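Remarks on the structure that follows.
A, B, C, D and E are the chain letters, set down in written order, and residue numbers restart from 1 in every chain.
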Amino acid sequence: MHPEKQKNDFEPKIIAFVCTWCTYAGADLAGTSRMQYPANVRVLKFPCTGRIDPVFILKAFQQGADGVLVSGCHPGDCHYIAGNFHARRRFAAFRKLLEFIGVDLDRLQFSWVSAAEGGKWVEVVTDLTEKVRAMGPMAEFKELAMEEQWSGAINTSELKEAYEAI
Amino acid sequence: MTQPIDTSIYAAITEAIQAEAKRLLSEGQVSVVIGYAAGRRKGSVQPVVVSDAAIADKLIFTPASVNNLAVYLTKAKKEIPKSGKIGVVVKGCDLKALVGLMGESQLKREELYLIGVPCAGVLASTVQPDTVLTADTIASKCCECDAHLPTGCDFVPNVTLPTRPQLEWKYAAEIARLEALTPAERWSFWKEQFAKCIKCYACRQVCPFCFCEQCLCDRNKPQMVESTPRPAGNTAWHIVRAMHLAGRCAGCAECERVCPMDIPLNLLNRKMAKELKELYDYEASLEVNEKGPLTSYTDKDDQSFIK
Amino acid sequence: MTPKNIMEYSYYPGCSLHASAGEYDLSTRELFKTLGIGLTEIPDWFCCGATPAHNVDELLSLSLCAKNLELADSVEGDVAVACAACFSRLKTTQHTLKENETKRKQVEKAIDAPVKLDSKVKHLLEILAKDLGLERLAAAVNKPLSGLKVACYYGCLLTRPTDVPNLDCTEAPTIMEHVIEAVGAETVAWTHRLECCGANFTLSRPGVVIQLTNAILESAKAAGADCIMVGCPLCHGNLDIRQKEIEGVYNTNYNLPVFYLTQLVGLSVGLGSDKLGLDAMIVNPTPLLKEKGLL
Amino acid sequence: MSRIGVFICHCGENISRTVDVERVALEVGKMPGVAFSTDYKYMCSDPGQNLLKKAIQEQKLTHVVVAACSPRMHEKTFRKAVEAAGLNPYLCEMANIREHCSWVHENKEEATAKAIEIVGMMVERVKKNRSLPAITVPVTKRALIIGGGIAGIQAALDIADCGHEVILVEREPSIGGHMAQLSETFPTLDCSQCIMTPKMVDVANHPKIKLYTHSEIELVEGYIGNFQVTIKKKARSVDEDKCTGCGVCMTKCPQKKIPNKFDQNIGMRTAIYVPFPQAVPNTPVIDRENCTMFKTGKCGVCQKVCGPGAVDFEQQDQLIVEAVGAIVVATGFDLYTINEKPKGSAIKGYGEFGHGKIPDVIDGMTFERLASASGPTGGKILRPSDGKEPKQIVFIQCIGSRAREKGISYCSKVCCMYTAKHTMLYHHKVHDGQAYVFFMDARTPGKSYDEFWRRSIEEEEAVYIRGMVSRLYQKGDKIVVMGSDIAVGVQVEIEADMVVLATAVMPQKGADTLAQKLGISYDKYHFYSEAHAKLRPVECATAGIYLAGACQGPKDIPETVSQASAAAAKVMTLFSKDQLEREPIVARVREAGCVGCFACKKVCAYGAVEEKEIRDRQGNLIKVVAYVNPGVCGGCGTCQATCPSKSVELDGYTDEQIVAMIEAL
Amino acid sequence: MIISQETMDVDFVRKVETLSGTSVRRCFQCGKCSAGCPMATFMEHPPNRVVRLLQLGQWQRILAGRSIWYCASCETCTTRCPNKVDLTSIMDALRKLSWDAEGASKESYVQLANKLFLQNIRTYGRQYEMRLAAVFNVKSGQFLKDLMLGPKLLAKGKLKLFHSKNKNLSEIEKIFTRIEEMRAKGEAL
């Protein structure tokens, strides 16, 4: 198969975890304003970004998401006083962890989209979709799911030495 | 021949612990003292709970006293008498864990009698327990230790810590090496590491912070993390574990020590500690913090990663 | 007051009907005679001043009209007016003087007589449509204008401004259409019924007139009209007399005969070409009328 | 086994135009657990809801998914319908295939596929939904009103007249707000003081109203029906109980040259003062920054002359805690002043108008004080620089307003009308003067408003010039105003004696801080956000907090009063019942799993997490676990995301429900 | 344009308001008059701007231009004005004032035609179209204007070479003189 063709045919799956008060409402506004954006995104509504557990992001990638968006209220605008502040720290740490594990952070976008920012919602979703489309499918977790066991590769000199000694 | 590390003070420490334990038990100040005792193999050491002053001289401290005894105060504490204070022998690294547990309402300071140990370092591995402590055999965590002398304890043997040679910071070096790789290279590194995991959960068992009665990863309604020892589930387990320990892990490195598959687990914990230090200027210390870095916030926190 | 059985009017033809619009005068007299409506020309009427007078000297304009109304009073019957401009001036004068006491006093001083504000000034259309009535008009028809598509052109002054002529609705009048439909013709819906032809500039700025009149002709043609019907000698002057010139300027061919309303109605009641002055029309109506079997 | 009913709405053509609803219904019908699937033109209509109710009963449905518009629109509607059919309302979920699908995608194929997935997700989610019983909380029938301007006064009087206690908190030493500063009011030109002061007195005398002036909100805790509010009563240095309001202290105070903020700083006051003679309460306050006694420790004249001995230099700020059930926010507005750039504001400032350096360029509120009979000039229009009467006066509208780049993009709404009023007041007072107004548009949509504006032109001879002023500068004792008349298409220059700027209506400074204390949201300008722009215009998204007046957006007096009464009506609706039903979206602790690390407590912004001891039958302590007070819980779920063992769950958003949705993808 | 109480000639505006019987201040510049004016394209100041300049007392600007002379008096503006500003009458008033000021306008053809028209009335009582056209052509220097129309019209009997005077011509002269007298006495504008 022609590699470029494959890339063009690829429709990324984007999962968005959003808070109900700001970003969900912002996405609603994009709708009422009849703005257009790629149909790749699936929105999961949470009361607040504070409710979004990093495990969900992991789960989304494992379920085949090619990109994940987490979006909530701007700092200070949280309907629940401070949920987004907690989320901000939680995700700052989590993305560092994922990065260290080897996940390309271009696939994981965080944003503040207020209820008034229909345009920003469109921009964020479109940007992420196009960025991920250009990157191609997220293969890492999918490949992992296909594997049953450790490769058994001998990747340290000590092991090699021990192995050869047997 | 690598550089030896002076552990001559450990004999004096052993004596001081025994004397103090004897005094505490006989005076009834504590109901038990948790410490280290000699194992069957030569040079080996195992944790012990001493409830009788008569056998207090079983308590020792040697380079093989690697265990973090804090773990016996959480999960294992059910077997330990509930009445009265508990004496516990702690190294600096263990004390950080104890302090962390206090911050998480798992322990109360007034219920503990802390016997602090000035520590020059312990062995990386106890497979051969009577190994001499050298720059090669010393645990990696000890190379980067900033708590040789525990503070805030009820009793600390009066010894002078010997000066130590400059040791290589192995975690820092390895983190830097991995950070320099591409995401794909890092992924393949960790993929290989996590794939080895056999889900024996020794890491969880030994960790003082894994005190949940039911681990999230054991739940099946819903199943957040696959429980079978397959690469996908293993990776998820280790990511979740690292995340749950972020901002809490005190760095005792017990997880890494007990891992039968030699997965460099503390590397993840050190990485997270490093990031939290950089982001929020937080690190595990010998003082009780009311809130951890991930249970608090300021309105000025970094958000450069957020659009 | 009971409606008159015998209709009698004092007739104010206006200057044009005694000159360039002779056929309007002729056809009016003949038609009214046929319909049994009496017309008595007001003796020694003056020019109403038309647009030029009120343009620069309203007081003069009002005084001239007031004088004419005074003269009209000497003849029995309401005042029948053929020309839209005269009609407009006479009505405006009545309206203005009713509203503005200062001006009324000035005018009364100028003509040295009280102003007749209540005499009824009527355009021919009104007499046909309302006084005679469409039914009686239709009853008088013996040669219905079937198949003739007429564009009724009101121009600017017949209906404007609101509350002054009170001939019909200012912006969407139908009186002309009703009259001509009553005598069997068809009317077309078109866009420029009420646009100004620029009559005021026919002498001084013919270029302006050509431009405005062309738009009117173009619209009538586009609506599929066979001919245009007017109730004003000034409009007629522009649409008919200048039509050839306009065709030349815009390199087009309208060939739209422009009839006075009295000519077309006259045709329907059986008056001949000679009594309607059809040969005075610049755009020859004969081929059209022949084609429609009306001649 | 669940029997799920799925109802796909066409929303007229809004959904069906881009989503093949029949196909969605067909595909969804095949999903496991779905017992019934149909589409309908308008699900929210009466027949649509009846269809839903009928299906629940006939098909014995256990769960319902309505695929239609945003749940923010109609979730309540459908949950009510489901409840009417005998199911727990929380067994109904909405799949948003309008705002998030049909309206934002053009390709029918793509949109349909997406709609099927969205509905599928909700089908999986709803399977995990539990019946949730409603939560009831007691209601404290006392209201707090923040702000003592006309909005706060009106709301306070309405609520108090209904028999409920009201606590009115005002930051300034007197209530009255901006309205008390105005001279006359449009469109009737009745004197502001005449209609305002009786209401102020009513507030002071009302047995049900407790008034805290010179006070601020320190802390707000609790939730609808049960707020605890800490009020900081700033030290007045005058004992309110002893003071008789005789005013001797003010006449004797040696500090007499302090600019009076109430008079827009053109009038002066003493250090011990009431902002204006009709102040309520009529108790002076010592301005400690300017008081000689406080600055040097020497003076004390006021104390010496005070007969009742009311002056108390030792008085301290007091913290008072009040329990209330509802809060009306009526903090009003502030005017933009061209000499300063408001903090954190988008306004770039007006250097071309001299940045406020030209003394005879004043703002509208200053003009009000000049025109006011009780103002510093006794109602004479005199220019600040030399006290001369301006013969040519220029008014410029839209200063800051409607200027996306230089200022703010909204219309300040009241300036057209008050400028028209100013030209009238000016014409009445300076008969031989001429007023000019530069304006972009005249916006006068109110009862008798346009007529009022036209009157200022047709009868009061103001010359309105459509077109803005490019710049103005001082030339001798004149101010040269350079504008344009866009109707003529020429530049216009006027040598004015005085220029009045209709500066933008802005939110109060610190509006954001108060909002954060209250936990209410605000827009990008810091005006408070209503729950719904059209249907819930006086409520905040935060339950139990209501908005009145210009704190929500620029408003004139009639509109402010209407909104205040509306807010009062909302409060009284809340107070009409002893118990309030709350949405049961709250966190619940699974005690068996909880090890009492209290991470949840650390992150709870509501303070809803308490410690609970679990004891055995003998009374021995087994463990201490977390307990979430359902009355206090805000329902954000931060606790659940933080709990390592997930021993706390947010009802309505459980891990099971969310994981089911992720797994459906 | 400098605006002040001095530059705004309120007296002139009052004169216009008296002559036209309509308020100038009522206009709020909606532009409907200009929108429907058939002559707007020929004017340098469209009708709305004429009123605007009047509101600002800038009559010199109006009279200096030809706009008022290019008004066709078709009444469209007056009919459609939402504020009952009788623009047609305002135009009449402006022309009258311009006429009195003699030659302030650049548009002389229309003025000439008007003048001849009025002269005809004074002389003959009624319009004498042939003479009007002929004299206009002579006076305006356009001897050959509408030359082609002449013979045709003559042939159709549309141009009468002779004109009969009204018997009561003296009446008309009296009207003219009385008005002149009233104006001389300041009894009328």
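One rule holds for everything that comes next: contacts are C-beta pairs under 8 Å (C-beta built on N, C-alpha and C of every residue); 3 or more make two chains touch, one makes a residue touch a chain.
Just so it is clear, the structure is predicted and the values come from calculations on it, not from any experiment.
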Q. Which sets of chains still touch one another once subunit D is disregarded?
A. A, B | C, E
Q) Along touching chains only, what is the step distance from subunit B to subunit D? A) 1
**Q.** Innermost chain, taking as reference the mean of every protein Cα atom displayed
**A.** D
Q.
Applying the document's contact definition, name the chain pair with more C-beta pairs in contact, D-E or A-D.
A. A-D
Q. Which whole number of Å gives the spacing of the CA centres of subunit A and subunit C?
A. 81
**Q.** Inter-centroid spacing, subunit D versus subunit A (mean Cα positions, whole Å)
**A.** 35
Q: Indicate the whole-number Å distance between the mean C-alpha point of subunit B and the mean C-alpha point of subunit C.
A: 111
Q: Could you grab the centroid distance between subunit B and subunit E? Build each centroid from C-alpha atoms only and quote it in angstrom.
A: 105
Q) Where in subunit D do residues touch two or more other chains at once? A) 603, 642, 655, 659
Q: Note the residues in subunit C that touch 2 or more other chains, in rising order.
A: none
Q | Touching two or more other chains - residue numbers and ranges from subunit B | A | 216, 224, 294-296
Q. What are the touching chain pairs in this one?
A. A-B, A-D, B-D, C-E, D-E
Q. Okay, in this complex, where on subunit D does subunit A touch?
A. 70-73, 96, 98-101, 103-107, 110-111, 113-114, 117-118, 121, 512, 516, 519, 521-524, 529, 541-542, 585, 603, 605-606, 634-638, 640-642, 650, 652-653, 655, 658-659, 661-663, 665
(Q) Applying the document's contact rule, which stretches of subunit A touch subunit D when the two form their complex? (A) 13, 15, 20-21, 24-25, 27-28, 30-32, 34-37, 39, 42-48, 50-53, 56, 59-60, 63-65, 73, 76-83, 86-87, 90, 114-116, 122
Q: Note which residues of subunit D are touching subunit E in the complex, please.
A: 391-392, 434, 436, 442, 454, 457-458, 461, 463, 465-466, 485, 487-495
**Q.** Residue ranges of subunit E touching subunit D (in the complex, touch as defined)
**A.** 1-5, 8, 23, 25-26, 28-29, 48-49, 52-53, 55-56, 58
Q: Using the touch definition up top, name the residues of subunit A that touch subunit B in the complex.
A: 54-55, 58-59, 62, 75-76, 82, 85-86, 88-105, 109-112, 124, 140-141, 144-145, 147-151, 153, 155
